[in-house]
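One chain, chain A, appears in both complexes that follow, with chain B as partner in the first and chain C in the second.
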Partner chain A sequence: MKGLILGLVCVAGAAAVPMLGNPYYTGVIFQLAMWIALAQSWSMLSATTGYLSLGHAVFYGIGAYVCVLLTGSVPFAVTLIAGALAAGIFAAAIGLPVLRVRGPYFVILTYGLSELVRHVVMRIESALGSFGRMIFIVPPIEVLMWCMLGLATLACLGAWAIRHSTFGAGLSAIREDEVAAETVGVPVTRLKLLAFVASAIIPGAVGGLALLRTSYFEPGQAFDPVISFTIVTMALVGGTETVRGPILGAVALTLLSELLWSNLPQLYMVVLGSTLIGFILFVPRGVSGLVDQIAGRR
Partner chain B sequence: MDTLLSGQLLFAALVSGSLYALVALGLNLVYGTLRLLNIAHGDLVMIGAYTAFGAFSLFHLPPVISVFLAAAVCAGLGWAVYEGLFRRLLANPTLAKRVEANSLILFYGISVILQNVVAMTFTASSRGYQYLDTVITWGGVSMTGNRLLTLIVASAVCFGTLLFLRHTLFGWSLRAVIERREAAQVVGVNLNRVQLITICAGFAAAGVAGTLVSMTEQITPFMGFPFTIVAFVVIIVGGLGNIGAGVLAGFCLGLVETYGIALTSPGYRSILIYGLFVAVLLIRPEGVFSKAVRS
Partner chain C sequence: MALLDVKNVTKQFGGLKALSDVSMTVEAGEIFGLMGANGAGKTTLFSVIAGHVPPTAGEVHFDGRRITGASPSRICRAGLCRTFQIVRPFGGLTVAENVRVAALYGAGGRQDRAAVARAVDDALEAVGLADRREILASGLTLSGQKRLEIARALATGARLVMLDEVMAGLNPTEIAAMLETLADLRNRRGLTFVIVEHVIGALMTLSDRILVLDHGERIAFGTPDEIGRDAKVAEVYFG
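And then the complex of A and B:
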């Protein structure tokens, strides 16, 4: 309950940021909300079931692609919903064969799938003679930021709801021992598929919004595997055991990138890599676990 | 049709096939013995390439000498990674429980660090040098000396390794670790020593491959990732941890890729590679060439 109130206060505070009149801060909040939404969506599948997806950029990219194709013919809210639906449908379509594959194979399969879709879209675009699409009329940045904030909130509430339901309990059972879970009657295939689709929908809408923010679509960027890696990094740095973990990880790394990226991009990447190694080895439960530890000692 | 039957195309396919086999060999050795998914493997190819480039441009060392330097540098990295990171990871039971996920993330961190440290040292622009680039015509097939050297060295290292695994005591213990880890320890294989030597050897193979690549292609700090992917495709096709099948799969991928591009267009190269990768994982995750299903 305390967490919920704190979260709502943060959301309200963030929503008021455009009143400061500095578009830079609005942009930072947009980025923060975007990574929270992505990391939290990822955790719906990967943190709960242990099926580590390294291909979430595919859902983001599909959302962006659908959005750019529809922009101009329908209102922008519809393009976002269509992006989210397209990502969800794609997840549902590939889910059954993909989720049969386990462990390290699943990790590299999701990565390979995402890259395959990226190259197919690049091929389609170049066959159509298009080398990047521009969008000329986009909603103002405040509106985009509020939408993104809404998506981040939705993702956090969704992740919380999943973890506190029988659905979430079933997913944890899959993570602990899938064969045993199946034996005692957990419908593992259906649960995994549902979690996969749930974790794909919000990234689809996020991709659409991020596209409207940059107003430029290029398949190589929209499906960039760095997006997938960043999501995983954030979730693991934050800690995957709790709902607040991905939030903390996304905030920490987004702020780090804001500080370093514009001036020293290569140094930022080195710091990112070192942070990641340090967290895996010394803080396996993430920032969230660290907070608990410190709070527990007092 | 004539181009498809030409020796020229076959030579090109064999050159890239041998290189793929060599890159994948290192990855497969490391996966087989340590069960670690090294997504920084292509970056070791990059480190090998930059070592050869640096040795050539600073000290005028030809690649035939600097290849040993590149192998040593990468082996040193392997030692550092194993002693510094993975001993710790494998010793801690909570971390070892999720070793695959954790090793993936660790190697991602290593990959990012290697790329950007090289980019800060050498700048991100592409580099290259000329070595043995005169054209030799032999039996109607024209080839540059450096490509021929690539084919010879890469094949020699691959088949040498296979012979080593088959005919030496250390090779037997390595294969024992790959096949039955616990049983190997029971019969007295020093697991720690095998793992350390294997990671050094696997990384060194990537360094050798990098030296070969630097002779024929422009190099950049971010060139590694495509090699990682190709290596993963190869070892997935061959079966994870199945060393001999991996070498065979490397040559097959070179053939499929070269002839596939000749039949369609270079724009389909990535789709072909990733399509094959996804198809194999979905249909036969234990590998196309592997006989037994591993649990």
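And then the complex of A and C:
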């Protein structure tokens, strides 16, 4: 309950940032909200079931692609919803075969699928003679930022609701022992598929919004695997045991990257990689676990 | 009508016949024992009945419905649940959470919070884990984890519970306590049990009827007394 109030205060504060009149800060909030939404969505599948997806960029990319194709013919809110739906439908379509494998195989498979879709879209685009699509009329940055903030809030509330529901209890049982879960009545296949779809929907809308922010679509960028890597790193750095974990991880790494991009851009990936390794080795429960530890020792 | 009806089940793993033409019927409220040396096919029979392994031939009916080929979760929700000889606790969850998953998803299903909490309490009470409910399941002793297997099966609300060697690895005091627990569950709640046990004494005391398997074939069937006198059984067990 305390967390919820704190969260709402943060959202309200962030929503008021455009009043500062500095578009840079609005942009930073947009980035923050975007990564929170993505990392939190990822956690709906990967933190709950232990199926680590290394291909969440595919949902982001699909959302962006659908959005760019529809822009101009329908209102921008509709393009976002269509992007979200397309990502969810794609997850539902590939979910059954993909979720049959687990552990490292699932990690590799999701990464490979994301890359496959990226190359397919690149081929389609070049066959159509398009080398990147521009969008000329986009909503102002404040509006985009508010939308993103809404998505981040939605993702956090969704993740919280899942963890406290019967659905979430089933998913943790799946993470711990799939055979035992099935034996005590958990419909394992259905639950995994639902979690997969749930974790894909918001990233679809996020991809659309991010596209409107850059007003430029290029498949290599929209399906960039670095997006997937960043999501996983943020969630693991933040900690996957709690809802606040992905939030903390997204905030920490977004701020870090803001600093690095402006000063040492070539170091960004190096720092991302070493942070991930460092956390997995020395702080396996993430920032969130660290906070608990410190609070517990007092 | 029998609660569980296994008809001519055969299971072939490549060239190995793990079960060959095994039939058995279990009546509601009885404790049915399965006996046999290592590799006799007891666990395979459990897996076939619970839906983990499809039979090569034959059918399984539970409560008048054919369950051959159904998924284990569906069979569990129909009211038949098994435990594992090699325990499979949800190690990262607490003892109570382990049991709660079973109560939420089992045969009872979709109950209100109070009913779920009651099912958890009852199951933990029945196996004597009530005082350990808040510790992680991975922190239980083997005996505790075997009890947890039973508690989970009970919490599903299953009418027929299949126990795969729940007494192996327990000391005589624990075995005595377990025997009492099972007899009590049958008497008070009218549960039906199918049990596999290496501890022959326990099986003889507890079971109403016993089926003896050897190399996947049924070699004897009857009350504990009859099994005790059976020449074929004596031959398999004592040479």
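Everything that follows uses one rule, which is that the second predicted complex is superposed on the first by the 298 of 298 C-alpha atoms of A that agree within 3 Å, B and C clash if a C-alpha of one lies under 4 Å from a C-alpha of the other, contacts with A are read in each partner's own complex, and residues count from 1 in each chain.
Operating definition for what follows: a residue touches a chain if its C-beta (ideal position, glycine included) is under 8 Å from a C-beta of that chain, and two chains touch if they have at least 3 such contacts.
It should be emphasised that the depicted structure is a prediction, and the values quoted were computed from it without experimental measurement.
Between chain B (first) and chain C (second), which, if any, makes contact with A:169: first, second, both or neither?
second
One more residue to check, A:179. First (chain B), second (chain C), both or neither?
The second partner, chain C, only.
For the overlaid complexes, name the partner, chain B or chain C, with more touching residues on chain A.
Greater contact footprint in residues on chain A: B.
Mind working out whether A:251 is in touch with chain B, chain C, both or neither, as first, second, both or neither?
neither
With the two complexes superposed on chain A, say which partner A:159 touches: chain B (first), chain C (second), both, or neither.
So A:159 meets neither chain B nor chain C here.
Quick one: classify A:187 as touching chain B (first), chain C (second), both or neither.
second
Could you look at A:103 and tell me whether it touches chain B, chain C, both or neither (first, second, both, neither)?
first
Of the two partner chains, chain B (first) and chain C (second), which one does A:82 touch, if any: first, second, both, or neither?
In the superposition, A:82 contacts neither chain B nor chain C.
Contact-wise, after the overlay, does A:266 reach chain B, chain C, both or neither (first, second, both, neither)?
first
Where on chain A does chain B make contact in their complex?
Per the stated touch rule, the residues are 50, 52, 54, 97-98, 101, 103-105, 107-109, 112-113, 115-116, 119-120, 123, 126, 229, 232-233, 236, 266-267, 269-270, 272-277, 280-281, 284.
Note which residues of chain B are touching chain A in the complex, please.
37, 85, 88-89, 92, 94-95, 98, 100-102, 104-106, 108-113, 115-117, 119-120, 124, 229, 232, 236, 240, 267-268, 270-271, 274-275, 277-278, 281-282, 285
Quick one: which bits of chain A touch chain C in the complex? Just the residue numbers, please.
It is residues 166, 169-170, 172-173, 175-177, 179-189 of chain A that touch chain C.
Going by the contact rule at the top, pick out the chain C residues touching chain A in the complex.
Against chain A, chain C makes touches at 50, 52, 71-74, 76-77, 81-82, 84, 88-93, 97, 100-102, 104-107, 109-110, 152-153, 155-156.
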